[in-house]
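Presented below are the structures under discussion, each in the form of structure tokens.
In the two assemblies presented below, chain A is common to both, partnered first by chain B and then by chain C.
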Partner chain A sequence: MTAGRNRGGARRAAWLPLAPVLTLYAIQFVVPMALVAVTSFRRHESAGEMGGFTTDNFAKVLQDPYYLGMLGRSLALAGETALLTAVLGYPIAYALARGPRWLKVVLLVVVMVPLMTSSVVRSFGWMVLFARDGIFSTLAGPLGDGPAGLMYTSTGVLLATAHVLLPFMVLTLYGVLDRLNPTLVQASMNLGASRTGTFLRITLPLSMNGVVAGMLLVFATATSAFVTPQLIGGTRYRVAATEIYEQSINLLNWPLASAMAVLLVAVALLTMAVYTRLSRDSGASGATGIIG
Partner chain B sequence: MALTSGSAVPLSGPGQAGHRWRTAGIGLAALLAVGLAATGCTSSGTAGGGEEGTRTLIVTSFGGSFETAQKEVLIPEFEKRYNAKVELTTLLSAPALAKLKAQGANSGFDVVQFSGGQEVEAGTLNLIAPVDAAAVPNAANMVEQAKRGQFAPAFALNSTGIIYNTEKVTPAPTSWNDLYDAKYKGRVGLPDISNTSGLNTLYMLNQVNGGSGTDMKPGYDALRRLMPNLHSVYRDGATMTQLLGDGTIDMAVFDSGYAYLLRQQGQKVGFVLPEDGSLVYGLTMNVVAGSKNADLAQKLIDLALEPEIQVAFAKAAGYVPTNTGATLPADLAETLPVRSEIERLSVADGAVVSANRAAWTEEWNKIVAK
Partner chain C sequence: MTRRLLSWAESAVLPVVVTVLVAFLAAPLVVLVATAFTQTPYLSFPPDGFTLRWFEGVLSDPTWRAAAWNSLIIAAMSVGVAAVVGAPAAIVLARRGVRFAPSLTLLIMIPIMVPSIMYVLGLMLGYNELDVSVPTWGIVLALAVLTTPYLVRTLMAALEQLDPALEEAALSLGASRLRIWVEILLPNVAKSFFSGVSLAFILAFDELVVPLFLAGPDVPTLPVRIYSSVAYNVDPSVAAVSSLLVLVSALVAVLSARDNLRKPTTRKDGAPDGGA
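Our next item is the complex of A and B:
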């Protein structure tokens, strides 16, 4: 009995240091999101004017091919970004975990720099490379063949988004690969497996949790990407996040913008739920220290 | 920060995973901060203290060369004359109206500037206050196109036309139809409809092709026909400048003010107000309803309407003065679209625009989206 009460007290005490950040979180996130959720059910009367409650906004977003297409495009972009970062990020994370120390330093700096750079500056860099005569548009062949090269195209937005989200993937994978028990690899080699065989049958399967976790993290972040699509996609390649801005700031259609926001947040929450579930379930494998 | 964390990570043991996340977290936070700033959603600063007796006026401005010109020409003179301080907050017209609608006087602004006729809507909704004729004596000497009834008149006029590369576009364009010339396939730029020039473009394409405020189909069709020639749809003048400046596009629809600036910078561009008509629009400063500094705000507006200030502003930013007493020096009158030329232009019907902006925007976006 006494022990139980003590544990309860200790648990309460453990929450105490979290109080400031939870308060901040409530004010900065929970309350505004609740307001957005309520707004999404209001009727749009005219710019900036709202009436009674309705589900019209969701009906419009989910039925008008234009808005539905935009949500689909956001999710497709997020999915493609997740895949691309996994493909690009795995070798980097592998080199980070297994390579010599100088290589680790170099790679980490290279991978982390996009996170430390202003997204505006980074996007402007891409804009130069993506221009009609820019190096990427030339290399991309028919993909970059439009009048504006890779600018305002899905390929351009995908590359630029993957660039900035790559660190999330690499860091997640690095944590997993770094923690893999090296004796498993040695055992495999001792038993006569080739390097490739060992990688395919030992390392890769054991790190799949990391790949999935990294992809979910990148996916959830990419659905809400704003600055990169705004600058690279411009006015002609629109995604849900840029459309929410357009609707709320330029057209003052707050209910419609809120409905789109609610749907995006729902997708992100769902993704994070799967992510948390996966990292909890795989806790025993010892591969998810960085995730759990 | 980046280097320290970056080089520290490889040395860290398994127990320090949190460190890596912190690093990522800091980067993410920085990213978000930059992202928010880039959207122009910067919150207004609260009235800075200053010494006793000095009042601070919070004014929205459009950034870029426009803001620079105001900081050079208007603000110092105002601060000196009225022993006050002006704090400029960069906010474009549409977000400024959005903020006023959401927060009213709580937005913290004393004066908001509009360039897209938003004062009509703001006035109808009582978000801006009428000006007192006695407090703004210069308002009595305004050209017709600048007048806004009981609200503050426009302090400058701007017009939408075609900016073109004089080396590549010959003969010079004279009409909206010249944008369709097959020679310029993929080399024409348009402003986005969220920009006043973009809205004016749709308005004019519609009018030239026989449409009206209630029938926009001719305008939409005209825009659709223009797509093969279209390189891009830019949101702002800076992007337009870049595209035109590096030779990516040959013709760009934008405003006369920017054309003036490009020529000031020595770029080989010309500007034409199409002979089949175009639109002139005013730049206005408006007193926010409920502002505690309304008296001071009206003094700022009056100063912006003063002939000498208007001429200096025209020289710095390329907009046409609205005070009938403002006389431009000969060299300026040549490079600016002169008032006689502007007088033939029409003004968009503010009520029609504000009632239809959303519908027009949706259709425009559907057409230009890939």
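Our next item is the complex of A and C:
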């Protein structure tokens, strides 16, 4: 155990190694967050000018159908992405946990390459696929709006966002599936259950914690996804995060942008709080990574 | 007979599904690499003809080179800052050297739970309040906050997994505390630390939101430059740059997968840090 644990002086000195990180966080993280919180209550006078304090920004965001729709769209996108990544991620994670070694390597590479590629590049790839007269509009015509392809549509944004976040889901699920005791499956098969029956009655229920943890993680990340909706959705399919960019960078309405950001952070932190509690209980900790 | 047919169907479902999903994961990246070879002056998939001129153009274009250089320098500096502030914290927290260590660990993880758009907006407001344009080190520090959690977590996990017997044996054989750290503990976690640093570097290198909000096109990093090309005037040279980035990630991924294969047990927590 650590030396000097019982003496007051040494105790205080033990905090010293934490000083740099706490200082960095205070200046670069706490202060900016506080600034956003304060700004969300300022009055917007004109572009880049702010007046006294008011709650108008929140009233506007939560009542004006335009902004409310934007928030709703962000939450819907996040929910759909969480569901889609769970459905798509489960088979990959299952094969990763149970498959032969060569398959593990292949799958690991296929999951890791997108994870380590900038989401700008990945969204760009989807833009090429979704383009008007691109192969996707030919192959998946009925899904999109005919020959116009999937650009600027909710389906397009959903598919691309799911692609960006799928690796996190796979890694979270893999962590849980890999830890499942294989003798349970063998016992079930020995007792005459079919593969499907064993999967539905043993494997799936036992990995449900991981599914929920992965969905929460993806949900929290997707609510504030910026890059993919910006590139695939453009101005025609705006979500909260892209509207924050528009309001703060182009229109210089900082109070409104701040109010939207505060609401997004509230959603993300609530989700992450549930996630942290859950993963602590089930041991399904893991891919708390956010590349959005 | 039906039973056998059923079990055959059962065993065929997973391979088919997994193949389709692998195609889904690979599709946008494969498409980019393919379009980068097209002879047409616009993006076309499937590519029309074969040429290397987009790659040649990109590699000799000073603006793309400057963007790549900016990205490398900024990512390296921010990971450097993250390592300097993160490593001491990780060591103390892994050893439960202070009170409230679990809560402090959670606190250090918060930047990856908060949407980066929130505090980047705050930083922008802050620099605006001070009436200064964002300096390059401002981007470095913002990215350091974003990457510190990954570094701390990787290093803490490695330290916590170390067998305490190692340290006890060294102590009972009369080694000093310093010597234990330098000769036993640090060499044992060096590999995990390196993989944490690599992951942090990749994240910082790929990050768009931070440089886009803080500097815009003034200090174009590679993702910012790609973003503005894609959003305003896209041509196959952007696909060429993107393919080069995909190639780099593929190399790193293959190396780390090979590494995982060699180890008899893979990491169990499903964290991406196992193979960065």
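We take it that the second predicted complex is superposed on the first by the 255 of 292 C-alpha atoms of A that agree within 3 Å, B and C clash if a C-alpha of one lies under 4 Å from a C-alpha of the other, contacts with A are read in each partner's own complex, and residues count from 1 in each chain.
Just so it is clear, a residue touches a chain if its C-beta (ideal position, glycine included) is under 8 Å from a C-beta of that chain, and two chains touch if they have at least 3 such contacts.
Note that the structure is a prediction, hence the values are computed from the model and not measured.
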So, after the overlay on chain A, do chain B and chain C clash or fit? They clash
Query: Thinking of the overlay built on chain A, is A:Tyr66 touched by chain B (first), by chain C (second), by both, or by neither?
result: first
Could you say whether A:Tyr152 touches chain B, chain C, both of them, or neither, answering first, second, both or neither? first
Original post:
Does chain B (first) or chain C (second) touch A:Ala241, or do both, or does neither?
Top reply: second
Exercise. With the two structures laid over each other on chain A, which partner does A:Met272 touch: chain B (first), chain C (second), both, or neither?
Worked result: second
Between chain B (first) and chain C (second), which, if any, makes contact with A:Ser119: first, second, both or neither? both
Based on the superposed arrangement, let me know which partner A:Asp178 touches: chain B (first), chain C (second), both, or neither? both
Quiz item: Looking at the overlay, does A:Leu204 come into contact with chain B only (first), chain C only (second), both, or neither?
Solution: neither
In this superposition, the partner of chain A with more touched residues, chain B or chain C, is C
Tell me which partner A:Ala47 touches in the superposition: chain B (first), chain C (second), both or neither. first
### Task
Could you tell me if A:Ile249 is touching chain B, chain C, both of them or neither one (first, second, both, neither)?
both
Clash check vs chain B: of 79-87, 187-195 or 205-213 in chain C, the offending stretch is 205-213
The intersection of the chain A residues contacting chain B with those contacting chain C is 48, 101, 104-105, 108-109, 112-113, 115-116, 118-120, 131, 167-168, 171, 174-175, 178-179, 226-227, 230, 245, 248-249, 289-290
In the complex, chain A touches chain C at residues 2-3, 5, 11, 14-15, 17-18, 20-21, 23-25, 27-29, 31-36, 39, 48, 88, 91-92, 94-95, 101, 104-129, 131, 134-135, 160, 163, 166-168, 171-176, 178-179, 194-196, 220, 223-224, 226-227, 230-231, 241, 244-245, 248-249, 254, 257-258, 261-262, 264-265, 268-269, 272, 276, 284-292
Seen from chain C, its contact residues with chain A in the complex are 6-7, 10-11, 14, 17-18, 21-22, 24-29, 31-32, 35, 43, 45-46, 81, 84-86, 88-89, 91-93, 95-98, 104, 106-126, 128-129, 141-142, 144-145, 148-150, 152-153, 177, 202-203, 205-209, 213, 216, 222-223, 226-227, 230-231, 234, 238-239, 242, 245-246, 249-250, 252-254, 256-258, 260-261, 266, 268-272, 275-276
Contacts from chain A onto chain B in the complex sit at residues 46-48, 66, 96, 101, 104-105, 108-109, 112-113, 115-116, 118-120, 131-132, 146-148, 151-153, 164, 167-168, 171, 174-175, 178-179, 226-227, 230, 234-238, 245-246, 248-253, 289-290
Counting only contacts in the complex, chain B reaches chain A at residues 1-3, 5-7, 9-10, 14, 17, 20-21, 23-24, 27-28, 30-31, 34-35, 38-39, 41, 94-95, 97-98, 101-102, 121, 125, 185-187, 192, 194, 230-235, 246, 248, 354-355, 357-358, 361-362, 365-366, 368-370
